[in-house]
Structure formats: structure tokens, C-alpha cells
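The structures come next, written out as C-alpha cells.
The same chain A turns up in both complexes below, where it pairs with chain B and then with chain C.
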Partner chain A sequence: MIYLDHASATPVSKKVLERMLPYFSEKFFNPSAPYLSAKRVREDYESAKQTIANLVGAKGNDLVITSGATEANALAFTAVAPDNLETEQNLKNTLKSPKVLVLETEHASVLENAKKYAWDTIKVTKTGLIDLFDLKKKLSPEVELVSVSLANNELGTIQPLSEIAQILKEERLSRLKSGNPHQLLLHSDASQGLALLDINVSRLGVDLLTLNSAKISGPKGVGALYVGHGVRLNPLVLGGGQERNLRSGTENIPGVIGFAAACEQLKNPASLAKKYKKLSDILKSELENSKIPPFFLGDKKSKLSNFLPLCFPGLDAERIIYKLEEREIYLSTGAACAASKGKPSHVLRAIGLSPEEIAGSLRISLGVLNTEENVREAGKALVEVVNHECERISRS
Partner chain B sequence: MIYLDHASATPVSKKVLERMLPYFSEKFFNPSAPYLSAKRVREDYESAKQTIANLVGAKGNDLVITSGATEANALAFTAVAPDNLETEQNLKNTLKSPKVLVLETEHASVLENAKKYAWDTIKVTKTGLIDLFDLKKKLSPEVELVSVSLANNELGTIQPLSEIAQILKEERLSRLKSGNPHQLLLHSDASQGLALLDINVSRLGVDLLTLNSAKISGPKGVGALYVGHGVRLNPLVLGGGQERNLRSGTENIPGVIGFAAACEQLKNPASLAKKYKKLSDILKSELENSKIPPFFLGDKKSKLSNFLPLCFPGLDAERIIYKLEEREIYLSTGAACAASKGKPSHVLRAIGLSPEEIAGSLRISLGVLNTEENVREAGKALVEVVNHECERISRS
Partner chain C sequence: MMKNCAKTATQESSAQKTLVRENSGASKAQKTVFLGMSGGVDSSVSAILLKNAGYKVVGCYMKNWSKDLPGMKCPWAEDLADAKRVATKLDLDFLIFDFEKAYKEKVVDYMIAEFKSGRTPNPDIMCNEEIKFKLFFEEALARGADFIATGHYAKSENGLLKLAKDENKDQTYFLYRISKEALKKTIFPLSDMKKPEVKAFAKENGLSNAYKKESMGVCFVGDVGMKDFLREYIDIKPGEIREIETEKVLGTHDGTVFYTLGQRHGLYVGGGLPYYVVKKDLEKNIVYVSNNLNEKNLWSKEIELENIFLRDAIEKTEQQGNNKKLDNNQESKSTEQASSPIKIRIRHRAPLIPAIFIPSESRVILQEEIKVPASGQSIVFYSGDVCLGGGIVK
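Let's turn to the complex of A and B:
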């Protein structure tokens, strides 16, 4: 098997799993129980939260543990004042000023939550970068939340979050002067890029940050939301009052221990980036042998080093995927949850690709399972499949 | 260690963990990805859901997988028409007719969600059984949801769900005749008792049923909501559209595989009940040697066989717990999440216990880690601690 879809899922590393194992059957206690063995589990849990928080330069208590990034995104949106929650009727009232702004290329878990409110989208450039002029134009006095992912999940394009934070800071100052009482928060989904980028919340300038365990060789079913001081959330899941009343339910101890272990296992971002640059170069040089030259998507200067989104115009990417699957080479056309519905990618549409170009687009995302050898082999196989497809089309 | 707190948490069984393991690092694929290995994970996931559904006599598609019972309870309450969701202002309007009725002894995850709506509580008897007259009295024409747990998490009292379902059925018929358009749904949190009771949704007559993996030697961080045909929910977590759009987020594959394996491992309820009856009898006979005779809480005729809630009036249950902890014997005063806050149990208050009696109450819940030997040893230790406490008090 050659796996080229790390943006979709990653294998739990051996070391991570080893750290999780004792918490299934031995240290299985409910951390809220009153006896010592349970209290020790509570300590381990809080310590794991601190480890995760270290990654973003925060305290364990600034995190709300969730069942994954999607839930963290949903929770982030509850920061928008609840009395602004739109009823279906209000939603139809298109004259309403937007309360939330989201990048048009955001993941479904951001877009679908935005739709609960009066909302608008911020445009992106042809490389998937935020159009800062469009942000400024749309930053009307009623906007309470701006949500821009750290790096796009199909293109790998990295957004200039600190620049965005600066624009929001200026707007906050201007609101303060004019007596406008609306809050203005910056949320970012950092599901992609956790291993490769600086995600210090102060340097990024975010108020809310979504973290994902499953993309960094941690377990599925666990994520976290960093919540800046003074940000008020309206919890989605009420009950026993866990996570400072923001997310009730018995804690998923093995999940959080595993998430923390995955954070600890993260390699130096610069050396990782170097590795992926080399692997990408190998792939690209193999692809020079293809009869149709591919063009690469995303932003050359501001892109995750493990992402290689590309397009073979005129070819059918799904056919390519099936042909590679026969050789146990796995990659995808885009976000797994979106791709499974067979709809053309809203991300690729947003960057201005034609329907034909969208149909010919693939997402290669490198990761822990890749080596120079298997990437070279995958490149050769991709060229063979592409060239075969070219012949098939020219014959027909 | 002698563990007497199975209602709070259970160890994941070896067989369950073995079944989960391949899905962490080998079959780690995103089930929505387009290639064969991912599709196989999708098949395993759907098959696991079917196994869980078999337990309640339903189809896999009738279940929405959640991150646990608390989230399942929260999701169940979204069945109440969304335009009836109370704003803070409406909540203060006490004249509003109740939209939801919940038993006053429900778990916090039911009570806190009920509070989002105009709500009222149904009284219980001194043994914790639902007061059916009170239910009938409060079942006003606007009530849309009635939530009654299958078995109480502190007392083990089993509620007569099919009788409750019958009352609701009659009310539905009467609404149909009078042209009252309000729906009327029955929800039950079956977190406790999954291993011991008949939980066939048709026989119980429920529209919504909460299932919990962590109480039956399955992993933490996973649960399910059975959703009857025609019941409309308003998803809490939006995004990629997983779980028929009712619960987005990449599926927690190992969690669901483990939950299903735990369901398969469940023993014959009758033989389990026999085992717990014997163990309870051993404990009770040991307790006959205590200087203060305890009285037992809950309903003698309708009680989970593994529950032994009891009260030593005049003693301090928390001191008893700490003294037993020193001997590595673990039990609790009640629900872990509530107990950790140091508030007197609302359940014990509801059944009419005095503050002194509440302070002297313990919850023993038997399970997979108990044997005749360790239960006898625990009984002797409890008697020693109780007798020592009696002496201490009489001296002071």
C-alpha cells in the first residue's frame, strides 16, 4: 500500500497507542469519582490537556475537549450571541446584516455552522488565499465572528492569520471609539497544518482555535477548542458540567491521553517541511513524464509542504483514483466527506477552476507513511495511469 | 482493589479491546474516502452499528452515533420543535406551558437539556418510581417530549416504560381527535441497565433511546441515540453530513467497533441477574454485623440487580468512602459528575431523604470485577469502617 491521503486520516502511531492502552482496562475509572485511583486518572487527564495546550501556547484550562474538530467548530460558533441565532424565517430575510464571515473555501463543518446565522463569505484569490480587501469590505459593524482556517484542507493554502487578526484589531478599536457594543472574534480551524506550522494563539491572534487529533497520528473521536479569555460560549452538550460546564459528558480519557501523546511525538516543523519538500520534488519530477502536464493548485509561497493538489485537465480524476486503487495506491479528489457525496468541490470552484478542471483534480497529501521510494513508485504509477487514460481518450 | 462503582465506569474488556486495536493503526482510513480500503472500513462501521442496533431491535440506520450518552441525551431534546426553543427571556416567563416533562430524578444530562425549554418535572415515589398520576396531571396539550430514564443511575430503580408509553399513546389519540397538532415523544436514557434489561424499542414503546458504551465494558467516548421513524431532530454538530446529516464529524471507528463488541459480549440477562442477586445477598448478610443497621434505597420489586444503594443514617458517607479507599475498596455516594461538585444528591432529596440521611448514603454498583470473595471482603471492611465510625461518634 502507498498512502497519499494523510489530510483525510492518519494512522495512530505505535507510541501513541502504547500510551493510550492502560486507560482502557486498568485506569478505566471515571475521573469525577471520589477515590484515589479515579483522582489519579483526573490528574493524568489534566496533564494531557496541558500537553495539548502547550502546542498552542495556552493553559490546559483554556481548552475545551470535544469529540473532534467538527464539534469544536460547532462549539466555536456558539460564541456568536445566542439572541442572534437565526430562526428559519430570519434566515430567509436576506436584508439582515451578517453576524459571521467565513472564507468561501472553509470545510463543511464551518460553512454549515455559519448558515445558522446571518452570514456572508469572504472571497479567495486563485491560489486560495483570503482576499483581504473583500474581508475589509464585508466587515460591517454587526459582524461578531470571522472564521478562517489556518490551512485549507484541499489546497493546503496557508492563510495570513496574523494579518487578518490585525484587521480585526483595528475594527475593534474603531468600534470602541464609536460605541459599537458588538464583539468581534477570530476563529480558525487548525485541523490541517498542526504538525507543520506555528500555532501559538498569541502570535496567530486568534480568539478560538480548533485542534484535531486524528490528523497528527492521534486517535479519532477527539479534538479541542482553544477558547481565549473572556470569550463566552453557549455549550452544545449540557449535563454533568465537565470541561468547565462547556462540554458535559464523561471524559474520553484514552482519547485525550492519545491526543497529548501525538502532540509530544510531533517532529521539528522545519525538518518535516524539508522532508516533504524533497518528497514533493520527487513526485513532481516523475510527473514530468506524463503526456498531459499537470498544473499544481494552491499557493506556491504559502502552502503546507505536505500538500500536492494538482489537476490533469481533460482527464477524469475519479477514474485515476480507481486505477491507482488497483495498485494499492490511495489518494482522493478532495475532502473525504464532501467527495463521498459526488458533488464538485466548492473549494476548487472558489479558486476559479472550470468544471472540466475540477473533474481532473486530485489531492495528494503526504505524511508519516511516505518515503522517497514509495513516493517515486506512486509517481511512476500515476504517470502510467495518466498516460493510459490519454491514449484511451485519443482513441475514442 | 475491590471495585464497587460499575455504574460510574467499567473497564474495557480484553476481547473488546482486541477488536478495536486493528482500527487504530492499520484500518485507520477515513470511511468516507473513495478507495477500497476505506470502503471496507465503512462496511465494518455500518456492520458494527447494526450489531448495536440489534440490541434494541432496530436497524443500524435508526441509530445516530454520538460521543457518549450525554451527547445522545442532548440530541434527543432537539426533537422538540426548534421554534419552541426558549430564549433567556422566555425562560423567565413562568406562565409558559411546559414543552418537556422529565422525571425529577433524571441525570444532569437530561435535566440541563430540559431547562433549555419550558419544562416541568414529574414526581417520584419514595422508592424512586415514576408517579404516573403526576405524569397524567402534567401531560398538558403542549407537551412534546417526555424523558424518563430506563433505570435511575443512583437508585437502580427501573421505570415502567411501557406503562408510560401507553399513557402517551392515549394522549396522542386524544390529540388526534381534538385536532391538537403537537407531537408527543417518549425519550429514555438507557445508560444504566443495558446489560440487564429488555431494551427492545418496540416493547418499551420509546421514540428515542440513549445507549451508552462505557457502562457495558465498551470504550468511553461513544454512545448512540435510537431515533424512531418520523422523529425529526435538529443536529447539534453540523458539517460533513455523517450519520444521515444528524451528527457530522469523521466517525470514531475504533470506538464504534468496541461498542459493538461490548454488545456482543453481553451475557444472558437472567444469569447475570442471578449472579448479582447472590453477590448482593452476601453483602447484605455481612452488613448485618454493623452497629448501625443500614436501610436500602430504591424499589425492591423494580430495581437493577447490580445496584445496592444504602444509607447509614447519622454517618458521613464521604468519610466511609475515604476509609475504604485506604483499603483499595472503591465506591461512591452517587453520580460521579454530581458527587464531584459536593452538592447533595437531587435524587435522594426527591425520594424524601432528610439531609442527614443523604449525607449517610452510599451507592454500591456491582459488575464484571466482582466475585463472591471480593464482595464478602468488601462487606466485612465496610462493617469495620462503619463500626469504627460509630465508636468515634459515640466517644465525641
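Let's turn to the complex of A and C:
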């Protein structure tokens, strides 16, 4: 098997799994139970949370553990009062209902939550970068939340979060002067950038940050939301009051232990980037042999080094995937969840690709399972399949 | 080349034979077959058979329905992916036919109207008649097909619709209303194969993992699916289930439309002998049941039909069967014959039972009483292995 879809899922490493296993069996205790053995589990859990928080330069307590990035994104949006919440206070101040702004290329888990509020999208450039002018233009006085992912999940385009944060900071200042009582928060889904980017919350300037274990060789079904000081959320899951009352339910101990172990295993981002750059170059040079030259999507300067989104215009990417699947080579079109719905990618549409180009687009995402050899082999296979498809089309 | 152009319609009508004939790999111009593919084993094996027989095969997916219902999902996107995966593996061109609008009008609306009037329609039969062997057929021909093909277990021979070799899987019940024109240009590659052979063939050809589980025709058909589906379209009120003999209330129903005459399961009237639905009173919203298997509403020797569709096969077979009786000049009137001894099938996979068809009365008369099929269901006629057509229970 040659796996080229690390943006969809990553294998849990042996070491991570070994760290998790005891918490399924001998250390199975409910961390809220009163005896010492349970208390030890609580300590391990809190310590694991701190390990995860270290990654973003925060305290363990600043994190709310969730069932994954989707839930973390949903929880982030609860920072905005629902638009139908016409409190007396709001009416007295003739406060307009709050609005949210999201990048048009956001993941469905952000877009669908935005739709619960008055909302608008911020445009992207042809490389998928945020159009900062559009952000400024749309940053009206009632906007309370701006959500921009750290790196896009289909293109790997990295957004200039600190610049965005600066714009928001200026807006906050002007609101303070004008007496506009609306809060203004910056949320970012950092699911895709964890291993390769600086995700220090202070440097990024975010108030809310979504983290995902599944993309860094941690277990699936675990995520976290960093919640900045002073941000008030409304819990989605009510009950026993775990996670500072923001996410009830007995803690997912093995999951969080695994997430922390995966964080500890992260390599130096610079050397990782170097590795992926080399692998990408090998792939690209192999692809020069294909009858239809691909063009590469995303932003050349501001892109995750493990992403290689590309398009073979005129070809059907799904057929390429099925052909490669026969050789146990796995890659995908766009986001796995969007593709399974049979809808063309809204991300690729947003960067201006034609329907035909969208149909010919593939996402290669490198990761822990890739070597120079297997990437070269995959490149050769991809060329064979592309050339084969070209022949089939010319026959019919 | 010349040979091909000179081929007459009758020659082409024996599409089934063509499957074998072209196997010789003669240097004739390659014929194009548009094959309906679902990603299931039957249509996948059909693709290989056609390909091996020398046809240029175009895999076709018919998108008939894409509405997600609350709590359940019509897996059309996955079906499409499955079909495309198989087509790709076999190196076939692949086309998507979007029949959603027509399907809604011709099949779904019909189905809802039937249920609303208390009947039990068969949407698969309607889908074959209106979509697969009409719209798909017409569009396929317009796009360059010489033939269409499907993975149905049935046989198309000399313009006749015949039983498949695998009588257990035979699907002619669902096909009795398909147009004669379409049938003439239809290939059923599985006509002479039994299901286990099909499965083995798929495995031999490396398709064992490619295809998904048995496809269901209409995705939302199935007990749970149908209920949720109908709720979306029909105002359904719960009501009483009463015993017909005593008027005693035995339980409640979710809505009369969900119940079919003769139905035994899903009544939840509890314990003892099984109860059967024997009558539905739509106005009073009551479902009547009985645990008396001899209840008169359950049994009949006669079935009144409407919307009868006779294939021209009925003439031919009658000629074959009743050569002596027939006057040469009478051919065209044959369907007006007083009565015809035939065999009928009252549901898919039900045994063939002898009956007399009286065209003037739109009625079939059986030798023995049978449990009455619900109105809206189809009764399909056969003579030997030929499907003669059929009608819908009034």
C-alpha cells in the first residue's frame, strides 16, 4: 500500500497506541470517582491535556476536549449569541443581531454552523488565500466572530492569521471608542496545520483554536478547542459539568492520552517541511512524464509542505482514484466527506476552477507513511494511469 | 460493413443471440451497448460478458432519486461511486443519466397517488416501464447505442420476453410492461446464467471486492424506508385496528396506507394466532384484521384487472399453442379471443399458477382459490417460458 491521503486520516503509531491501551483496561477508572486509583487517572488526564496545550502555548485548562474538530468548531460558534436572542439589554441598546464571517473555503463543519447566524463569506484569491480587503469591507459593526482555518483542507493554503488578528484588533479598538458593545472574536480551525506550523495562540492572535488528534497519528474521535480568556461559550452537551461545564460526559481518557502522545511525537516542523518538499519534488518530476501535464493548485509561497493538490484538465479524477486503488495506492479528490456526498468541491469552485477542472482535480497529502521510494513508485503509477485514461478518451 | 447495414430489424431483435454470435470475434464493426450499471454484481458481470462478446460497452448510471429523508439517507452518491468504480476497472466509458425529474413525475407521484387511494403499487415495474426501458432506452439510442443492456434475470428472444434460466431469480415480473421496441434492442446478458455462476464469474474476474451488496431497485423501498417516505408526502393519521368479525379494537395502526391486504407482519396486535389484514376502511381510518385464515376477503378465484398490457407475444404463442383453432385471418384479433389458458404469477418469485384470462372482462379466473393480491399489485401472464404481459389488480 502507498498512502497519499494523510489529510484524511493518519495511522495511530505503535507508541501512541501503547500509551493508550492501559486506559482501556487496568486504568479504566472514571476520573471523577473518589478513590485514589481514579484520582491517578484524573492526574494523567490533566497532564495529557497540558501536553496538548503546550503545543499552542496555553494551559491545559484553556482546552475543552471534544469528540473531534467538528464538535470543536460547533462549540466555537456558541461564543456568538443566537440571533433570535433578543434580550432586554440588547433591545435597550438597539443592538443589532450578531453576525459571523467565515472564509468561503471553510470546511463544512464551519460553514454549517455559520448558517445558524446572520452570516457572510470572505472571498479568497485564486490560490485560496484570504482576500484581506474583502474581510475589511465585510467587517461590519455587528460581526462578532470571524472564522478562518489555519490551512485549507483541500489546498493546504496557509492563511495569514496574525494579519487577520491585527485587522480585528484595530476594529476592536475602534468599537471601544465608538461604544459598540459587540464582541469580536477570531476562531481558527487548525486541524490541518498541527504538525507543520507555529500554532502558538498568542502569536496567531486567535481567541478560539480547533485542534484535531486524527491528523497527527493520534486516535480519531478526539479534538480540542482552545478557549481564550474572557470568551464565553454555551455548552452543546449538558450533564455532569466536565471540562469546566463546557462539555459534559465522562472524559475520553484513552483518546486524550493518545492525542497527547501524538503531540509528543511531533518532529521538528522545519525538518519535516524539508522532507515533504523533497518528496513533492520527486512526485512532480515523475509527473512530467504524463501525457497531460498537471497544474498545481494552492499558493506556492504559503502552502503546507505535505500538500500537493493538482489538476489534470480533461481527465476524471475519480477514475484515476479507482485505477490507483487497484494498485493499492490511495489518494483522494478534495475533502473525503464532501466527495462522498457527490457534490463538487466548493473550495475548488471558490478559487475559480471550471467544473471540468474540478472533475480533474486530485489531492495528494504526504505524511508519516511516505518515503522517497514509495512516492516515486506512486508517481510512476499515476503517470501510467493518466496516460492510459488519455488513450481511452482518444479511442472513444 | 455491408452485412451490418443490411441487417434487418428482425435479425437485430435477437439481441440475445447476438451476444453469442459476436463472440466469434469476427471483423464486423463493433456494436455499442449502453449498460445500466448499479455497482452490483449482476450489472458488473453483465459488463464483462458484453465486453468479452466484443461489444463496445458504455457503463451508464441512472440517477433517479437523490432526496435524503430524515433519519435515513438514500445512498445514491455511493451507488454512483460503486458503478463508476466497476466501470473504471473494466475500462469502460461511463455516463450519468439524470432522470430525477422524470422519475419523480412518472414513478414517485404515481406511487404516492396509489398509496393515497389505499392501494399497494409496485414502483419497480413503473420504473422499468417509464424510465429504464423508455427514457434510458431512447436517450441511449440518441447517444449512439445500438443496444441497451441491464443486469436483469430475463431473456429477450425474437422480440419475446422470456423467463431467465435461473427461475429462482427471474425478474420478468418487473419487466412485463416494458415496450416492445425497447425489448428488441435489449440484451440481458445474465439470461442463461444462474446466480451462483454469476457470483463465481465475478470472483474469477477479480470483481469480488468491487461490487457492493445486492442493490434494491428503489432505494427507499423497504419497510422502514417506505413509511418514512410516505409520511413526507401523505397526511397520515393513526387509527384503530379492529377484528372484522367482532369490531373489537385490537390495536392501533400508523396510517391505513401502510397496510396491505393479506399482510400478516407488523400489526402488533399480539399473541395467539396470526392476524391478517382483510379490509381497509379509508374513510373511517380503520384497518380490519382477522385471525381466521378462511375469512372471505382473503380468498378469491377471480382477479379483476385494469391497465392491462399485452405483449405481442400473446398472439405468437397462441398461434404456436393453438395452431389448429386459429384462422389465418384472425391474427390481429387474437387478444379479443374469448379466453386464454395461461399461467400467472401474482408477485415476484411466486410460483406460476394456471389461470384463464378473459380479455373482454379484464379478469383472470383461477382453478383454485388463492390469497387475494392487493389492489395496485401486478398479475403477470405466461405461456410456457414466454411472458405475455399482465395487468394491475383493480
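Basically, the second predicted complex is superposed on the first by the 379 of 396 C-alpha atoms of A that agree within 3 Å, B and C clash if a C-alpha of one lies under 4 Å from a C-alpha of the other, contacts with A are read in each partner's own complex, and residues count from 1 in each chain.
We adopt the following convention: contacts are C-beta pairs under 8 Å (C-beta built on N, C-alpha and C of every residue); 3 or more make two chains touch, one makes a residue touch a chain.
From a predicted model like this one, the values you see are computed outputs, not experimental measurements.
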Discussion item. A:392 in the overlay: touching chain B, chain C, both, or neither? Say first, second, both or neither.
Written reply: second
Item to complete: Check the residue A:32 against both partner chains and state whether it touches chain B (first), chain C (second), both, or neither.
Response: first
Practice prompt. State whether chain B or chain C is in contact with more residues of chain A in the superposed arrangement.
Written response: B
Discussion item. By the touch definition at the top of the document, which applies to A:221: first (chain B), second (chain C), both, or neither?
Written reply: first
Practice prompt. Using the touch definition from the top, say if A:253 reaches chain B (first), chain C (second), both or neither.
Written response: first
Worksheet item: Taking the superposition as given, does A:178 touch the first partner, chain B, the second, chain C, both, or neither?
Response: neither
Worksheet item: In the superposed arrangement, does A:318 touch chain B (first), chain C (second), both or neither?
Response: both
Worksheet, complete the sentence: chain A contact set shared between chain B and chain C covers 318, 325, 340-341
Worksheet entry | Of all residues in chain A, those that touch chain C in their complex | 318-319, 322-323, 325-326, 340-342, 392, 396
Worksheet item: Mind pulling up the chain B residues that touch chain A in the complex?
Response: 1, 5, 8-14, 17, 21, 24-26, 28-30, 32-38, 66-71, 73-74, 82-83, 87-88, 107-110, 112-113, 115-116, 214, 219-222, 236-242, 248-255, 318, 321-322, 324-325, 328, 330-333, 335-341
Worksheet item: Can you list the chain C residues touching chain A in their complex?
Response: 56, 66, 76-78, 80-81, 84-85, 88-89, 91, 93-94
